Each structure stands twice: as C-alpha cells, then as structure tokens.
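Consider the two complexes below, in which chain A is the common component and chain B and chain C are the respective partners.
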Partner chain A sequence: LPAAVLLKDTKLMDVKLGQLGSWLAMRDFTPGGILGAMRRGHERYYNKYINVRKGGLGGLSMVLAGYVILSYMWSYSHI
Partner chain B sequence: RALCPLVPSAPAALRALPPPVAVGVLHTTRPLHTTQQSLAPVPPLPEKGGEVRHGLIPEEFFQFLYPKTGVTGPYMLGTGLLLYLLSKEIYVVNHETAAAACILTVIVYAIKKFGPDVAAFADKLNEEKMATALAMKNDAIQTLQTAIEEEKKEQWRAEGRSYLFDAKRNNIAMLLETNYRERLLTVYNEVKKRLDYQVAMQNLKRQKEQDHMIQWVEKSVIQSITPQQQKESIAKCILDLKALSKSAHAAV
Partner chain C sequence: MNLSFFDQFSSPSLLGIPLILISMTFPALLLPSLDNRWITNRLSTLQLWFINLVTKQLMMPLDKKGHKWALILTSLMIFLLLINLLGLLPYTFTPTTQLSMNLALAFPLWLATLLTGLRNQPSASLGHLLPEGTPTPLIPALILIETTSLLIRPLALGVRLTANLTAGHLLIQLISTATTALFSTMPMVSLLTLLVLFLLTILEVAVAMIQAYVFVLLLSLYLQENI
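Moving on to the complex of A and B:
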C-alpha cells in the first residue's frame, strides 16, 4: 500500500475533484503564504523558460499573451 | 515539477544543517563542513527551456491531452474555443481586431525572418562571456599548477639542507681548531718567555757572582801584596830578565 500522504502536501494535479474544496481551504492564505506562493510560481516559470542557456521566444511571448488576455478580461465591460 | 532543475535556495540549504551546539564556555557553532551539501559548485544552466508550441502554448498541454484525444485534440479544442468565443461575442470583432491582425502578421513575419540571426548573435555574445570566464578559470588553474610545482621544487631544495649544515659544521670545526692551535701557540710562547727569563736571570746571577768574586779575589790579592813583597818580586823579576837576556844573547 502506498504511504498515505497528507491532503495538505499533495500537489494540485494529484487532488481528486471531490477533495478540491477542502484542499483549497487548507492552503496558506496569510500574506506571507501568498507572497511565498507568488515567489514559488515566479521561480518555477523563470527557471523553466528564461534562466536557460538557449532561451526561446516562448518564455517572453507567453507572459505577453497572458497580459493581453488579462487586460481584455478587465476591459470587457468597456467594449 | 520534475522537468525543471531547481537551484537549491539558500535558506533551505542552511536550515537543513544541524543546529548549533554550545559546549561549555566556548560557543562552538554547528560543526562546519560535516555534510556533503554545499552551495558551490552551482549546477550548470539547462541547455534549452521548456518546449513551447507556436510560441504560445507549452508542450505539456499537448502531452496532457494526447492519451485521450491523440494529436489533433488540442487543435480541435482550440478551434472549438475560438468559434465559441466569436459566436457568443465574448471576443468582440471591432476595429482593434483589424489592427491586431495586421500587427500580429508583421510580428510573425519579422520573427520568422530574423529570428535565427538574432538567436545566433545572442549565442555569440554568450559564448564570448563564457570564453572569458573559462579563460580566467584556466589561467587561475595554470597559475596554481605552476605554484604547486615551484613549491615541490622548493621542498626538494630543502632536502639538501643536510649538506649545507655539514659544510657549516666543517667550517665551524675548522675555526675552532684554528683558534685552539693559535692559543696553544700563545701558551707555548708565553711559557717559553718566562722560562727564558728565568734562565737569563740565573745566568746573569752566576755571571755577576763570578765577576764579583774575581774582582774581589783580585782586589784582596793585590791588597795582600805588601810593599815589601812588591819590592822583592820586582827585584826577582829584574834578575830573571837579566838572566833571560843573557841566555838570549848567548843564543843569538
């Protein structure tokens, strides 16, 4: 039997749909936690797409595309 | 998750070390250099970044959908999504759409045409930086190698110091010998001088005694010759001389 992993420590892709609510509730929503989560996300993206020897266009263009979509969503009501 | 090599962040590395230990008065901090983990050398950067298809969608998305929908799945999803957005007017087609279409066309054309050249240029810059760093490292290694060899040579030289000490010891022994002999000579000379002095003194004394005695004897003899005896002796001498002269006359 695989050792039981605490729900708190499972990654998002391993969480079953039914446990999603409780998993979200267990996350760290303090300012320090949010900051840590942002830093972790940034580090993941940075080390995967930008901090490499031969970086490509995708690393930057994905950020710009995300920015375009986000700004479209924010200004949808003004269209 | 496991695709990108994460650089071990410094706080985690430090937290993993055993806590500090205070032993008596001397506050020894955690025993240093006991674990193998260290922050250097830093692992090298990965060669290529994560794969991105069409410059916008990460490859993981296509791999995620491949088991269920095959190769065309994500494209069908994209087409359906686009049509849904257009038909429901979630994406509104207005003047900005035309502007965006023109701009995107120009951008894609420029990237397709000049992309490889720019990439080669950036690679060349990187290569130059790496070459200078590598040259510095090699120079440092070379300097240290020569330093090691010089040190070994010095060690070999230091082994010959026994000969040096032997030569010095010989010198000192010779100096001591010379000094000893000089002093021996001095002693001999001094002793000889003193003995000569004693001998000269004795000789002098004896001589003086002799002279004095001779003089004294002569003086006393002369004193003892009374005038009477002197007359008699002179008369005798004259008689003798006459006799001698007679015999001499006779001989001639």
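Moving on to the complex of A and C:
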C-alpha cells in the first residue's frame, strides 16, 4: 500500500485539477522562493542539455531561439 | 519613411517597464559558471579556452602592475562581444547601439587610466603629450594638438562603437527592405540584393567581434602608456 504523499511535495504533473488552487497557495512566492525556483529551473536545463559528455549545438540554440521569440513578442506592437 | 527605420534603436519597454536591463544581463545566462571538474562540458571548455586566449593576448604588452586590470578588461571584452553578436539575431535589441551606454563604459575607464598615470608617474604621463624629436618652434602647437587628442579619446571610443553597430543594423534593414520590395517586380535584381544582404551579414558578424576587440585593445593601450 503506497504511503500518501503530502500535497506540498507533489509535482505539478501529479496535482489533480481540484487541488490546483490549494497547491498554488502552498507554493513559496517570496523573493527568495522565486529565486530558488529560477535556480532550480536553470539547473534542470543546464544539467540536461549542456553539462553532458557530448553536448551539441541544440542546448545553446534552444536558449537563443527562446530569446528571439521573447524579443518578437515584446516588439510586436512596433512592427 | 525615414523615421520608421530608426525605430529599431528605440529602447524597448513593455507596458512602461524598460526591458534594456534584460538585454544587458541576458549574455550572462549563456556563460556557464565553472564547477570544479577535471573535464568540463563542451561549452565550459570553449569558454575557458576563449578567455585564456583573450587574456593572454591583452595582457602580454602590460607589465605586472597592469595585470590588476585583467579581470575588468577581459570581462568587458566578453560582455561587448556577446551583446554585439546577440544583436544580430532577428528582433533582438542591441544595447550597444545606444550612445549612452557606450559613453558610460568608455568615459570612466579612460579616466581611470589617465588618473592612474597622473598619480603614479605624473611627469612621464605628461611627457606623452610631446613626441620625441619634434622641432622646437612646433612645440606649443603640438602640445595643444596632443592634449586635444587625449581629451577626445573617450568620445572616440564611445562613438566608434555606437556608429559601427548602428550603421550595420541600419544597412541590414535597408537592404532587406529593398530585397522584399523588388521581389514582386524584378526577381533577378532582388536575387542580387539578396546576395549583397548575405555578404553584409557576414561582415556584420565580423564587425561585431572586431569592434568589441578594438574597444578593449585601445583601453589597454591607454593603460600601457600610463601604468
């Protein structure tokens, strides 16, 4: 019988739709918490695509493509 | 018509929030921080190799006292290089096209080299104002000329970087507008313009790298005179 997992520790993919509100309320939105979340996201990307034995062009290109798309979104009204 | 070509250089803002800070700090995301591994990943290896190359090249003419400047000169070089190259991607904003930023970088650094020279070896750095072997009647005029050239250095540094990058971006926009406008009526001429655009883009990549290098090289030269 698997032990029940606390709502605090579930990942977003495992949260049921009804629990979404309380899950969001439990997250840490202080500046330190946001910084920690950004750091965790960066580490995840870095360790998956760049910090590998034979990293290719894709790791860097995805970041640059994201930057281009972001710049397009920000400058849409000027075009 | 003319005004719309300069719109690409206006400082970007989203609902009143200036986005230029993000354009300036984004290059930092592309440089991985070094962890203590014996064999680093490919991006870190490339970065280490490149920084070693640049630092050795810049610091060779300077004596030991000038090596205190190694960190700021190398990081300035990498900063300018990445910002210039990122500006060549579509829709991105290049902060170095703004004269304010380039002058803000050039002026304090030049002033620092000047004040270092004046403080540590005042007669030697004032002596740079008169080249050796000038005929005596020419001396007053030459001192004035050399002082002017000394005082104009920060302006020249800032304006050089701004003008080169702005001109390149403007040319790319003009030629691509010409290519798309000609495509419907005269496709062959449009193809020729496309070739010109391709060559221009290669030139722009080279200019981006060269301008960053020139900026830092001149600063190290001014330092050499004064350290």
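Quick notes on this one:
The rule is short, and it goes like this: the second predicted complex is superposed on the first by the 78 of 79 C-alpha atoms of A that agree within 3 Å, B and C clash if a C-alpha of one lies under 4 Å from a C-alpha of the other, contacts with A are read in each partner's own complex, and residues count from 1 in each chain.
As a working rule, a residue touches a chain if its C-beta (ideal position, glycine included) is under 8 Å from a C-beta of that chain, and two chains touch if they have at least 3 such contacts.
Just so we're clear, the structure is a prediction, and the values are computed from it rather than from any experiment.
When the two structures are aligned on the shared chain, A:Leu24 is found in touch with neither chain B nor chain C.
By the touch criterion defined above, A:His78 reaches chain C but does not reach chain B.
In the superposition on chain A, contact of A:Val63 is made with chain C only, not with chain B.
In the overlay built on the shared chain, the residue A:Met38 is in contact with neither chain B nor chain C. When the two complexes are overlaid on their common chain A, residue A:Val52 makes contact with chain B and with chain C alike. In the superposition on chain A, A:Lys11 makes contact with chain B only, not with chain C. Shared contact residues of chain A, touching chain B in one structure and chain C in the other: 50-55, 59, 72. For chain B in complex with chain A, the residues that touch the partner chain are 1, 3-7, 45-52, 55-56, 58, 90-92, 94, 111, 115, 119, 123, 126.
Across the complex, chain A is touched by residues 7, 10, 12, 14, 19, 26, 29-30, 32, 41-43, 86, 89-93 of chain C. The touching residues of chain A, counted against chain C in their complex, run 42, 46, 50-55, 59-60, 63-64, 67-68, 71-72, 74-75, 78.
Taken together, the chain A residues at the contact with chain B in this complex read 11, 43-44, 47-59, 61-62, 65, 72, 76, 79.
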